[in-house]
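Read from first to last, the chains carry the letters A, B, C, D, E and F; within each, the first residue is number 1.
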Amino acid sequence: MPEVHVFMAEGKTDEQKRHMMAGITQALVTALDCAAGSVTVQIIEAGLRDKMKGGRTFEERRASPSPRG
Amino acid sequence: MPEVHVFMAEGKTDEQKRHMMAGITQALVTALDCAAGSVTVQIIEAGLRDKMKGGRTFEERRASPSPRG
Amino acid sequence: MPEVHVFMAEGKTDEQKRHMMAGITQALVTALDCAAGSVTVQIIEAGLRDKMKGGRTFEERRASPSPRG
Amino acid sequence: MPEVHVFMAEGKTDEQKRHMMAGITQALVTALDCAAGSVTVQIIEAGLRDKMKGGRTFEERRASPSPRG
Amino acid sequence: MPEVHVFMAEGKTDEQKRHMMAGITQALVTALDCAAGSVTVQIIEAGLRDKMKGGRTFEERRASPSPRG
Amino acid sequence: MPEVHVFMAEGKTDEQKRHMMAGITQALVTALDCAAGSVTVQIIEAGLRDKMKGGRTFEERRASPSPRG
């Protein structure tokens, strides 16, 4: 029954995303003792100009990383 | 005032999506006795590799459906 | 498979909410030709001080409705 | 720490979106007295056929605006 | 940077929820090779009358489970 | 038309939250040149045990802040 949404900037590979979703599914099965079939995971990906952290878009952050992380 | 978000995998036609959003709008108008003009519906669609159920991506599920649904 | 989230201010009765969720479920079944069992609906309700439209909280809006709707 | 999601129809320029996200970040820093670095903003944009208000898709609304807003 | 939201019905213990969020965090660190400090997880919990699956509220489902799962 | 959702841990005052939502509304009006009446903001607040960053719940983080922010 739980639905999991992951909000992230684009740039990860399909394999990383598949691995991540499988790991999340397993985390829910283990912690909640529920069936894997009841767990849904959806990635909501944003273009680098559609996401901002610390006042800078991810396009700006990737062009010029700061130590602020 | 209510905002409705529908999270789904890609693959439905524009006509199905329009029909679905109109039906949702009507359901809110009827149940909540609110004006249609106050109801917003947005679809958040995921590529088949960006959504997983039961530990399998929707790409995998469509390639090889299982009886688990 | 579709997950539907309804964001709304508190104040509706349980019966209105049940009626609304059943209507949404039916709208998806009809428009998408999917099984009812695959449709999940969750209400995310906000207190009247945790939601704002047009620059006024819903507490303010209910105390003094304006024609702006 | 707060995560802000903006759900909107497509059609705004990158510059408008960057300006908007920077303004939201500043609003949180001012109101909550938190560090800008802790504020994340993500835009979740819908195609004009994937969003509806008042029973009409945004494609229909832009083709034929009504006074209902 | 990724923000994870888990939508679920109430009824799990604090310990189960903490365990689940820690597992999700670890899944992202492993799959995306990102710092744990950049991962945020939030649970959005619904009362049993505010969530529905297959046309029945979770209150109804817990009172009378069906084999549909 | 834009809907803004703010996901945050509990602990802010009503006045801070009202101030924040008003600032967000103004940021959208300025950046997108839209009417204030079309902007909706909703806060989705989590209890301190229902939100985690960096592998620690907000309850743990407030009890023992670390320099990791």
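Quick note on the criterion: a contact is a pair of C-beta atoms (placed from the backbone, for glycine too) under 8 Å apart; a residue touches a chain by one contact, two chains touch by 3 or more.
What you are looking at is a predicted structure, and each value in this text was computed from that prediction instead of being measured.
Chemist: Among all the other chains, which ones are in touch with both subunit D and subunit F?
Modeler: Chains touching both subunit D and subunit F: B, E.
Chemist: What's the fewest number of moves from subunit A to subunit F, given that each move must go to a chain touching the current one?
Modeler: The fewest steps needed to get from subunit A to subunit F is 2.
Chemist: Since subunit B and subunit D are copies that touch, is their contact same (over half of the numbers shared) or different (under half)?
Modeler: different
Chemist: If I rank A-B and A-E by number of C-beta contact pairs, which comes first?
Modeler: Contact tally favours A-E.
Chemist: Which of these, A-B, B-D or B-C, makes the same contacts as D-F in over half of the contact pairs?
Modeler: Interface equivalent to D-F: B-C.
Chemist: Using CA atom averages as chain centres, what separation in Å is found between subunit A and subunit D?
Modeler: Inter-chain centre distance comes to 20 Å.
Chemist: So, what's the distance in Å between the C-alpha centres of subunit E and subunit D?
Modeler: 26
Chemist: Two or more other chains in contact with one residue: find those residues in subunit E.
Modeler: Within subunit E, the residues that touch at least two other chains are 1, 3, 5, 7, 17, 26, 35, 37-38, 40, 42, 44, 51, 53, 69.
Chemist: Counting only chain pairs that touch, give me the topology of the graph as line, ring, star, complete or other.
Modeler: Contact pattern: none of line, ring, star or complete.
Chemist: Hey, which chains are touching each other here?
Modeler: A-B, A-C, A-D, A-E, B-C, B-D, B-F, C-E, C-F, D-E, D-F, E-F
Chemist: List the residues on subunit F that touch subunit E in their complex, please.
Modeler: Per the touch definition, subunit F meets subunit E at residues 7, 44, 46, 49-55, 57, 68-69.
Chemist: Which subunit A residues qualify as touching subunit C in the complex?
Modeler: Per the touch definition, subunit A meets subunit C at residues 1, 3, 40, 42.
Chemist: Per the contact definition, I'd like the list of subunit C residues that touch subunit E in the complex.
Modeler: Contacts found on subunit C: 3, 5, 14, 17-18, 21-22, 25-26, 35-45.
Chemist: What part of subunit B is in contact with subunit C in the complex they form?
Modeler: Those residues of subunit B that touch subunit C are 1-9, 12, 16-17, 19-20, 23-24, 26-28, 30-32, 35, 37-38, 51, 53, 58, 69.
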